[in-house]
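As written, the chain order gives the labels A, B, C and D, with residue 1 at the start of each chain.
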Amino acid sequence: MGGTSVLNKLNDECGVFGVFDRDDHDVAFLSYIALYALQHRGQESCGIAVNDDGVITAHKDVGLVPDVFNKDVLAKLGKGQMAVGHVRYSTMGNASRSNAQPLYIRHIKGPMVLAHNGALVNARELREELEMGGAIFHSTNDSEVIAYMITKERLQCGSIEEAVERAMKHLRGAYSLVIMSPTKLIAARDPNGFRPLCMGTLDNSTIFASESCALDSLGAKFVRDIEPGEIVVVDKEEERSIKTHCGHKCNMCVFEYVYIARPDSVIEGSSVHEARQRAGAYLALQHPVQADVVIGVPDSGLDAALGFAKQSGIPYGVGFIKNRYVGRTFIQPTQVQRENAVRIKLNALEATVRGKRVVLIDDSIVRGTTSARIVDLLKEAGATEVHMRISSPPFRNPCYFGVDVDSRDKLLACRMSEEEMARHIGVDSLGFLSVEDVQKIAGIPGSEFCVGCFTGNYPIDVPGEMPKDKFEQKISKKQK
Amino acid sequence: MGGTSVLNKLNDECGVFGVFDRDDHDVAFLSYIALYALQHRGQESCGIAVNDDGVITAHKDVGLVPDVFNKDVLAKLGKGQMAVGHVRYSTMGNASRSNAQPLYIRHIKGPMVLAHNGALVNARELREELEMGGAIFHSTNDSEVIAYMITKERLQCGSIEEAVERAMKHLRGAYSLVIMSPTKLIAARDPNGFRPLCMGTLDNSTIFASESCALDSLGAKFVRDIEPGEIVVVDKEEERSIKTHCGHKCNMCVFEYVYIARPDSVIEGSSVHEARQRAGAYLALQHPVQADVVIGVPDSGLDAALGFAKQSGIPYGVGFIKNRYVGRTFIQPTQVQRENAVRIKLNALEATVRGKRVVLIDDSIVRGTTSARIVDLLKEAGATEVHMRISSPPFRNPCYFGVDVDSRDKLLACRMSEEEMARHIGVDSLGFLSVEDVQKIAGIPGSEFCVGCFTGNYPIDVPGEMPKDKFEQKISKKQK
Amino acid sequence: MGGTSVLNKLNDECGVFGVFDRDDHDVAFLSYIALYALQHRGQESCGIAVNDDGVITAHKDVGLVPDVFNKDVLAKLGKGQMAVGHVRYSTMGNASRSNAQPLYIRHIKGPMVLAHNGALVNARELREELEMGGAIFHSTNDSEVIAYMITKERLQCGSIEEAVERAMKHLRGAYSLVIMSPTKLIAARDPNGFRPLCMGTLDNSTIFASESCALDSLGAKFVRDIEPGEIVVVDKEEERSIKTHCGHKCNMCVFEYVYIARPDSVIEGSSVHEARQRAGAYLALQHPVQADVVIGVPDSGLDAALGFAKQSGIPYGVGFIKNRYVGRTFIQPTQVQRENAVRIKLNALEATVRGKRVVLIDDSIVRGTTSARIVDLLKEAGATEVHMRISSPPFRNPCYFGVDVDSRDKLLACRMSEEEMARHIGVDSLGFLSVEDVQKIAGIPGSEFCVGCFTGNYPIDVPGEMPKDKFEQKISKKQK
Amino acid sequence: MGGTSVLNKLNDECGVFGVFDRDDHDVAFLSYIALYALQHRGQESCGIAVNDDGVITAHKDVGLVPDVFNKDVLAKLGKGQMAVGHVRYSTMGNASRSNAQPLYIRHIKGPMVLAHNGALVNARELREELEMGGAIFHSTNDSEVIAYMITKERLQCGSIEEAVERAMKHLRGAYSLVIMSPTKLIAARDPNGFRPLCMGTLDNSTIFASESCALDSLGAKFVRDIEPGEIVVVDKEEERSIKTHCGHKCNMCVFEYVYIARPDSVIEGSSVHEARQRAGAYLALQHPVQADVVIGVPDSGLDAALGFAKQSGIPYGVGFIKNRYVGRTFIQPTQVQRENAVRIKLNALEATVRGKRVVLIDDSIVRGTTSARIVDLLKEAGATEVHMRISSPPFRNPCYFGVDVDSRDKLLACRMSEEEMARHIGVDSLGFLSVEDVQKIAGIPGSEFCVGCFTGNYPIDVPGEMPKDKFEQKISKKQK
């Protein structure tokens, strides 16, 4: 479960939620609960918009769900028949509040609320086109681009869903969307299905969410995943599907299974928890080692460690205790004290590792610094050997579809061979899951997951690389 | 000084500020100080945007200047060569944060920051036109309409100032603007000059502000008012004026002198403090009375009371003590306790009024409820007679130019004759300043102030009246 | 009104409040309102304790009344039949929360709540004695000493009021107390009556407060001042007075009239507002001058200015506009910007002073720095002459009775003659109220106010001077 | 690890910390880090007191460590040579801030800071005695009683440590103390050793802490446990031990191993993590069952589950995912929504339990309500059988030594037989660890742990039971 990783290696992206109520539920409260369950997908900002008979009230801000929403704020959102929620990790600039979602826009054709998880590869082109036509942008969000594209089409056609369907012809990249008009709730997923999006029911009400764990938190029933390319429209009368963009194979991000999603979610019919155990089992087969105990880095390495233990027959142990109270507000120590930073969050369990040959499972290596410190903890606690196994292939390429991977010059795997990495981190051996195996962890035969961050081969064309901050400045300096 | 009125009768509107630095001042801090001085013009939200060599950083939020800005926030705004600030009272909906200014928009032609005081009479028309052309709106602000209009023109012409000049052909109504591009700071005032806007210098730097008191707070020198219709452009090289829209007589809002502006400001060459004293003097001439003491309702009635006292020869006295600590966070008492609400903010000074015939000066009567309670306070403190004098004519009409007057059915002067009002409020006599006299208080011969809220005759055509909330809902419900 | 002084020259001390309800009022809310009215007596911390049938609930914290109390906090205090409130300016150490009042102590003889305004001259002796007997102290408050003394006596006698009466034999100095036991509310004032304390009724309920303005804020009726030395005991059955310590002349602090109390309060039968006007009048007689306008420094100098104007015949004017929004949270500017600090809070009204000979009235001069800056403001605004008149004699001695005067080496009047002071501040002439006249401002013939801070002669013996911080450290370092 | 239990079954008590620095460490920051590591011992309030050459600065408040301490607060605590820290769960009244620790008292013999974990059985007697001698109490803390007792003795003897030694003759019950005088840091543990207290070194500095995990978090070395009855005194010159109260066997609370302590702590030479695994293993031997998977209730049931799995040979599985973001600020749902409350914090992993016979391990059953809901979650997720095993004996008696067990009438084990409990909770079988076995889990032969809460037999005499709230009111109502 990404958000709780001790290592903060990768920034997750976003989680979306929507509910169309037919049972007099408190839709603001349902959204609040669901965003809690999706919090691991984005910890920087969050928001909820409630639709009461066409009148929309929204609240969003920088902060975790419990920081942004309290009793008073929920009360002000009021009652309604529909709601859309969003959690976000924003990656651009520090004007993060302006990037918080859901996006709420006003228009003569009616207001629209939009929540988006993903990233477009042609966002800059579309944006330039729109701006040359007179559009102005308040944020650096792709979501605003999507909103413009839908609005533009809406002027040419008879309904919001038709507008979405037409706009999708122009959008290239990853997008799982929940959209709310005065009378309709719409879910849409890009034709490649890069990001998850599912559907459930609570009594007679319809719910959309990035992951099934959000449905569970509400006591709602999982119905199915939205298909790649599918648009589902819900209103008072009916619930119908537009499938003109369907047909492509699902290229979902395999890293959702490895790290991003919550282990209790089921995505594309496959349990995330089981996928991680399977990743551990493949590692055991591919990189066997003589050892006394298998431990995982909390929390996301634990499932794979259990899988490795079961496959290898080496006993599973608890190697680390994580301090549950160290949160975002932790005061950063000075340089001298910084070396203790990992130790404050994580303590090695001497009882488990002293005098033992340890297999240490983690889900990924990004810069390698934290890995090195964790290995130090184990050595100081008396581990005689540390064999590190990583439940994914080495990161060597950027993600264009919504995950904020470090820039290449900071990725350890771009700078070193595996032997050098092992030496750098201080382990006795190091093994990564192969690209072939990572595609098998979901246990879906014939699947074509996106593994671009490992291989550099992406399911669709991607733009040439350009650092985000350069891009920002370029925009800023043009006008005279 | 409106914002501190005990009576909260009228909601003020907005204050704008801009600085183009040539002396290495801390522009964020200058803005902070200036917004403090302009706080009386808007207490609901505020914001500052800083431009550092084309990179813009902004912060705005709901709250007073000291609530929204602290040391950390100012530090994050960083250093820069230009800044724009804004204080606002927002009148629409409760999504007030999205209405906070300055507006910061991104565009391929460069980012733009815009701060606006005023209101357009053709905002709805322009908005509909823009939306039919594909525009989407994040707020209900007129400012966003203005930003769109400028952007649209910008695509057709060579510079931001030319775009402003071209956009102004389409804008009808009240607007005092401060606009910031990557390299320029621009001030513009509508051709009627409804709202004030002035210019000053601090060392070699140029400053724009709604009122001269903001210049004083910085120790800056007042240079001149921006002319009605004028555009002033400042960049590294020069400072120049575009006067194609000039030529119209100044129709500034006379209520700026009566209530809105700070007494220490000088507007159109005339001291607000003196204007208020003059209003009191005219009242004494027009509505003389035998009395023992003249008192004012703090704070905005005090100056006029002094003027009345001097003109009439009746001694000036301090009739009320205002509790300086009762602010926005005051807990509203229950129904039973509510009658004390005025008393908590204001206490009558028995030593001044007991056994006396009192002339009570206030700047306006809106609903009359608070006036009645204030008169009660005086009676309970032993005043034998209370003669109320109002330093403006009766309010009977809406303002279309940026002041949020109560709806007609709540305005006492729309429902009663002056005699009935006197009886309703419980005073022995009641006198208003005449429309003729109010136009003379600034002491500017031949002036053509806007007195539309008193007479119903406005300097430019105004749209048919429509309640704001209806308008909001109409927008909201359209889309299917 | 001290707390709102722009100059923050002197720290006020404390305000006390108590209510014994017989009408089903909300005693917590009454306390809240009353503390608002007494806020000028102490802005550092505040607290309320509610007694519901012997069960006491209390809340106190550092901050202004609106910061410390909100709806939720008041709700938690609950309903009750008695309440005690306190506002405080604490002068010792930074552990100010531990010094917040009212003091709530538990004891086998029942709990006791105590609120205190004043200072004991024998606090250190009593404290040492108590500590040598085994007592421990949580605070540096004299109040804790008083609580101990009462408790000690309580063990020897039959009732709380008898214990108060016996304890008073040992207490020397200034104390206006409100004390609450499970069933009684008690008010007591030291035999010299250094600090004010009055009594009122709201319907059938009894109220005690430091100043009558607190009664007014509740709509309560003023009954009388508590006599010097008097103890008033209120319980369900009756209200009775213990006068064994009465008989001494009232030596109330004259500075209550000059600066501390709110102008709308009436103390010892004399209106504070009128006393200040009288001070101005005496100044006009004692230090006449040829001038064009009389102005006061807001807010506490305004009343005296009006008195000076009336006596002298020189017109009264508004010389300064105070920014009502600049509060405690104002960000302190850097060294360079500091010179503007006064200007931000205060702006001179050029319309009033340009080209004029100005009489400037203030209530006191402490260090002189702010006075000098204010005079600068007037000169820059065009005043041709500035004649400063101070409505009290020069400060040259410490106060031992609850007002925190600066240390002698910082008091301007200890370092300079009046001529030197005038030159230092930059005024054309300077005049102080004489010690004789200041004793007459309350208009109470034969009064023997305490004027020790002006003369060095105190109504009772005072200890040798010792800087507070030294005292603190001495305590701290002793134990081995 | 208690504090993070999803079930909030038992309130933990307190954690203490002290540092005597000889290396120029930042003692406030060290305390902050250590309190983070001890946070699970008390989440209601916390505090730190810093001693800089005899001048003490303290800060404490209601809230978690990250809520109470931030950069500014730590900076204000300043540098020093000693510090004492405390985390607390307070159990009396709502005046919880007054109960926050460390206690900082002033006295002529020097100030003293005291942090306490435990509870005295003769607190009421001592308190009454003290109060009859004139003492007053600010809190309902036993710590204040201890402070008084030490102070009383201090007046009779030559040093603080001698005073502690003499006071201990009068104190009966549980106390692990850290005490700071101007020049000394003292640790003391009651003669029965009810609560843990250990000692470590960081470079040349001495550290005391409730648990060794606090030492680990600082990178400090564990030296040894303080012996039952021992007093350790540290000053500039030396470190010495007073053992006059030593000699009694250690009666440490066995529940420290079961639930309270962090698994990575080592207490009395025994790893908490291993003790819990051993508890699981004993359970497997005592209450064997045919099943497919063993799961634990996060977090405190996980270790025992692993022990059960290893002993029984039944595979270990992850049965629940805990939402790491649901904290104290979670908005309580309405009655209708309340049934989802457990589900929001905890989700059952269908992949692990569907179609399986499940062994469910938890550390205790208090009221049984949450247990029942958790079993429901498993059934809904498809578990075919649920066999519950509890890693401690049934709770049937109060704890007099610092753990806040529910009152008897709410304890399920006081109201039902084990069979009835199983039926009530809805499990197919239920087994508790026996009293004999729980005493063996630490693996210390001949140990005499306190198991009074399970058996009703306590190592020392305890007072007759009296509900705490009754006690409170009794105190409150006495005085007339």
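Operating definition for what follows: a residue touches a chain if its C-beta (ideal position, glycine included) is under 8 Å from a C-beta of that chain, and two chains touch if they have at least 3 such contacts.
None of the values given here were measured: they were computed from a predicted structure.
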(message) Counting one step per pair of touching chains, how far is chain D from chain B at the shortest?
(response) 2
(request) Name the chain whose C-alpha centroid is farthest from the C-alpha centroid of chain D. (result) B
(request) Could you grab the centroid distance between chain A and chain B? Build each centroid from C-alpha atoms only and quote it in angstrom. (result) 46
(message) So the centre of each chain is just the mean of its C-alpha atoms; given that, what is the distance between chain A and chain C in Å?
(response) 59
(message) Using mean CA coordinates as chain centres, what's the gap between chain B and chain C in Å?
(response) 37
(message) Please output the residue numbers of chain C that touch at least 2 other chains, ranges allowed.
(response) none
(request) Show which residues of chain B lie in contact with chain A when the two form their complex. (result) 53-58, 76, 94-95, 98, 104-112, 127-128, 130-140, 147-148, 151-152, 155, 159-160, 181-184, 473, 475-480
(request) Under the touch definition given earlier, write down the residues of chain B that touch chain C in their complex. (result) 1, 3-4, 26, 29, 32-33, 36-37, 39-40, 64-67, 69-71, 74, 213, 216-219, 262-264, 266, 271, 273-274, 299, 302-303, 306, 310, 315-318, 321, 323-327, 329-331, 333-334, 337, 339-340, 343-344, 347-352
